[in-house]
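Got some structures for you, see below.
One chain, chain A, links the two complexes that follow: it is found with chain B in the first and with chain C in the second.
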Partner chain A sequence: MSVREFVRSKVPAAIDRPGRRLASASPLGPPGGLMLPLLALLAFMFVGPIVAIVLFSVQTENVISLSVADWTLEAYREIVQGTLSGEGVYGEVTLNTIVISALTTVVAFVVSYPAAYALATKVRRFKLPILIALIIPLFTSVNIRVYGWVLFLINDGVFDLLAGSVGLNAPSIIYTRSAVVLGTVYVYLPYMLFPIYLSISTIDESLLEAASDLGAGRTKQFVDVILPLSKPGVIIGSLFVFVLSLGAEVEAELLGGGTIYTAASNISYSFGYSQNWPLGSAQAVGLLLITTVCGVVILRTIDLTEIASRGGSR
Partner chain B sequence: MSARSNRSRLPRISTGLWYGYLALIIAFLMTPLLSLIIASFDSGQTFSLPFEFTLEWYRNALTSTSVQSAVDSTIRISVPVTILSTVIGTAGAIAYTRYSFPGREYFKIVALLPIFFPLILLGLGMSMWASVTGLGYGIVPAIVGETVWISPIVMFVVSISALGVDPNLEEAARDLGADTLTIYKDVLLPLIANGIVSGGIFAFVLSWNNYYIVSYLKGSEITITTWIHGRMTQGFTPVVPALASMIFYVSLLLLLVAVVMELRSET
Partner chain C sequence: MLKAANLRKEYGSNVAVEDVEFEIESGSFATIVGPSGCGKSTLLRMLAGHLSPTAGRIELDGIDITDSPPQRRPTSLVFQSWSLFPHMTVAENIEFPIEARDLEPNGQVERLLEQVRLDPEEYADKPVSDLSGGQKQRVALARSLAYEPDILLLDEPLASLDYVLQKKLQRELTELNAELNTTFVYVTHSLESALIMSDQLFVIDDGSVIQRGSPDEIYQEPVDTFVAEFMGDANVFPIDVVERTDDAVRLDHHALEGTREFPYGPADRPDPEYLVVRHDDTVVTPALETEIGIPVTIANVLNKGNTALVEAKGTRDDEEYVSEISLDRVSEIGLTDGDEAYLQWDPEKTHVLPGGGS
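Let's look at the complex of A and B:
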């Protein structure tokens, strides 16, 4: 334990509080000028596109009419009816999307939690190389990573090469829903792992010592202290993975081999081949609502000060 | 307490198991990247057994004119994106971390929200918006679009290092007679320089690897990721893994530099 950490553990209130006394009249000048470029950029190219999606969803053709009289809910009706009756592609798309996102979230949680726990509490040596290895995939194009899985899974691919060398002959899962889930779990796993890791790292070690002094065994410490206190990380990670995997298109396209349709692939189909922007937009609005709610919940829960003080150095 | 001696031994074995589990996760994360690298060195026109080593596909990728022009447009997008999003994101991070003002938390939520959006949603919305507003498609719209997603990420990274700087430093510098420019130049920016550099590297690597946003806004331009995507959906060509591997090598190198910078800013 470094001196800094020791002091922090003794007087957390003095150092760690998020509302550290920041001067309102800072010598740096007013903050408005610093925020302006980012806010202007977001107003133009983030809020604008969201408005465009919402507006297009009520149009009759691929042109925006601003008069409310021309608006129609036809696209929404088609989607809702299609989903409810199970006819056409919507029933399948909705089911696929929910199954894939839910499965991805559950699997990513089950796989990540032990890893996050180990990283936060057990790993002392080689911590940096391990962390780097875990973030490398995040900085590689999703295209490239998913394509790597295709090369791994295809007939006579890398898997067959490895399996063949030890005399195994297993059928490939490529072009099935499982392959798509494998792809989404792969792509979004770090978004589950890191929030959980950070929330476990922020648990005060003296709490565990106290629990141990009071006679709690390792299992009891885990169940009564670590598990409940890591809940924010689990919630953030789950929302993150669920939302992002709703947008999985490349995974479905390459690993599903054009047989598995998800909301994202259906949306992009509406824009690409069928050129039906209102229909694509109406589907996107559903995704947009879920995403915005989850994003705001995540951001309200995240405490950057906490991450800054504990995240990297422990 | 006979359990004591048992306990001291047990943790060592269990620690080994935890490391083993992490190694499995890392192996899982590396599987597609290693597959790509293996495929890039295989001599077959179609990827299949037996494996024969060759560097031919790397040579083909480097000499192909369509690859060169894709690299060219990617650079013309990612360099401006890096500069813009580093400046904009750093300014946002300074506003968020060095001030207290009403609505500060709302500013954080609004500014960081794009990070949580599936990129396909951002890309589609931007594409329609570009058509409605007459912004159009091509290099400039792609730059604006990527900057929207990457600036918040830079803000996040720089905020983490800026929060580690003593909040009273600016006051102290002013008490000692420094004006605003001097405080920025000699106090604040040097202290968060490592955070800014690693934020900038993240920005470059993310822009370089971006697919969704650029594919909706690029117009007739072809970037590396859209070139790769076009080729990979048309069946196997060994040039694709070779090019993808080269991009991965470069990203990996830059990422290592960024991580080292970020760590230096923390200690």
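Let's look at the complex of A and C:
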């Protein structure tokens, strides 16, 4: 074994990569220490509540203090039975939630992709103002923004006024599933738009030049180069929007007007109105499982480190 | 034949390429060489169709292609960054132009990979991210050649490779050019690659072609001081013109010990400003052995491997010269720092040149 081979065998291959050099020369100390505050925070604020919820979900009905010793799967049994038999709200709630999330994802994608593409490649002059305009609503409370839509859509609201002024008598969509989807699309749109925008803007422009040089027209350039290279953004954006919409509560409550139940609004109902914490907890655990499965399945299809390291085509 | 006529590119008030004219024989290897920012890449991108010229014409075999888009040009550009499609395998990259140009696939991938010396069995199905720099370069070359372009345009494709690999690929490119019926137009700032590979050389500075010819012609007869310095490290002596005739000039410089006449013409050439002697055309010995030499003090002897660079100071403060001589010679003469000696050269090796460059 030569000296070089010996050193190689002792040094992890990753150390050769430029990205690693910064970490090893970090003035702030070892990477483990840098992660510590975040890990501590996550332990308290993320893992803690999940453990509490899981524990509550196996308590008997209507308890508000934990006694871990006598546990029961009663709440889960009720949900599974209700869903399977079609009695009660669970079947409808599950369907509603998935339909709303799926519709939201599709609509957000259809609206975002062309806009993200334009922002990343064509829009030059007003790019910054547009991006700022897209970000600013995120600084405002979801409730306020959704109430805005309620005021717009409500009977004798802005929508009726505008429609009436041009002689239209269109029925408002408020308190329908469409209104809820409108709300979720509006609230979660940036989570679709920005990942797509970023993945399109990191596509090396010379790739498109190369494609045109090699004979590709606009369609082939888009289908064979831009679309596949923006796929990670589309996948991440869809994951964000789908998962966030699964948990949409305010939109369902305000724009559904108590007629459209989603998983999240049902959980909130169990914790609040019916004071059945174990049942609410069990539903929350169920939702969490669905979300996790979606996340794992979707993230397995893409390579996050590849996206993070993609800057050029070399 | 690829022909450019009055080709010009302006960006606002900035002229990147200024009225360039040239003709390149079909199948030859032409190199456009010049320092960074001289307009050579702009010129190449106009030939490829990625930039439209402000004025002028590009013709290929008598057909005007100035306005045809890159998709429809029989040219192919190999990019400096290679620009391989990162989400495709080697074979998919090479098939891209075959599909895009609606050509019949008939084993091109295998043939092309063999042409650029990659084993098709090993490489065809590899993702391009698994390739080394040199391999990527080969795949980019294969992809560009896939639709048999008439003209292959190369934009410093070897710049980011290590020296040994550069030399190897330079040789391979020359061989490939001889093998194929394709004209190669190569852009580089590296004098060495220009000299090694080309049939025809265009030296560019400030958007204009300053000199054209075979590498040998340009090396032997640089048209001005810029070209001379660009084509090889050289000592430059500012001189005064004492007298000028149609084919000669009498110059004054203290190194010449009086005035001296050199051949210089034609009559309409601008007055010479400099006397230029390449480092490796000079020698340093303790006594004056040739006709022209100047007294110097040795400042430093740098070992370059096969030769030594002798740095010497002249009698005046701002005079610094370099001579490149063999290591054997250095030890034979026994040059050490602080020695008094003469930097001298054969009058034949003297270039008397007008100024130039920026």
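FYI, the second predicted complex is superposed on the first by the 246 of 314 C-alpha atoms of A that agree within 3 Å, B and C clash if a C-alpha of one lies under 4 Å from a C-alpha of the other, contacts with A are read in each partner's own complex, and residues count from 1 in each chain.
The definition used in the following text is that a residue touches a chain if its C-beta (ideal position, glycine included) is under 8 Å from a C-beta of that chain, and two chains touch if they have at least 3 such contacts.
Nothing here was measured: the structure is a model prediction, and the numbers come from that model.
Contacts of A:E249 after superposition: chain B is touched, whereas chain C is not reached.
In the superposed model, A:P228 makes contact with chain C only, not with chain B.
Of the two partner chains placed around the shared chain by superposition, chain C is the only one that A:G217 touches, whereas chain B remains out of contact.
Looking at the shared chain after the overlay, A:L84 reaches neither chain B nor chain C. By the touch criterion defined above, A:L161 reaches chain B but does not reach chain C. Touch criterion met: A:E209 reaches chain C, while chain B stays clear of it. With both structures placed on the common chain, the touch criterion links A:L289 to neither chain B nor chain C. With both complexes placed on chain A, chain A has more residues touched by B than by the other of chain B and chain C. Looking at chain A, you'll find residues 312-313 touch chain B in one structure and chain C in the other. Residues of chain B that touch chain A in their complex: 14-15, 18-19, 21-22, 25-26, 28-36, 38-39, 47-49, 51, 87-89, 91-92, 94-101, 105, 107-122, 124-129, 132-133, 144-145, 147-148, 151-152, 155-156, 159-161, 163-164, 167, 170-171, 173-174, 178, 180, 183-184, 188, 202, 205-206, 209-212, 225, 228-229, 232-233, 240-241, 244, 247-248, 251-252, 255-256, 259, 262-263, 266-267. Per the touch definition, chain C reaches chain A in the complex via residues 48-50, 69-71, 75-77, 79, 81-87, 96-97, 99-101, 129, 133, 136, 143-144, 146-147.
Chain A makes touch with chain B in their complex at residues 19-24, 26-29, 31, 33-35, 37-39, 41-42, 44-46, 48-53, 56, 64, 111, 114-115, 118-119, 122-123, 126, 128, 130-137, 139-152, 154, 156-158, 160-161, 164, 186, 189-190, 193, 240, 243-244, 246-250, 253-254, 264, 267-268, 271, 277, 280-281, 284, 287-288, 291-292, 294-296, 298-300, 304-305, 307-309, 311-313.
Chain contact summary for the complex, chain A toward chain C: residues 204, 206-207, 209-217, 220, 224-225, 228-229, 306, 310, 312-314.
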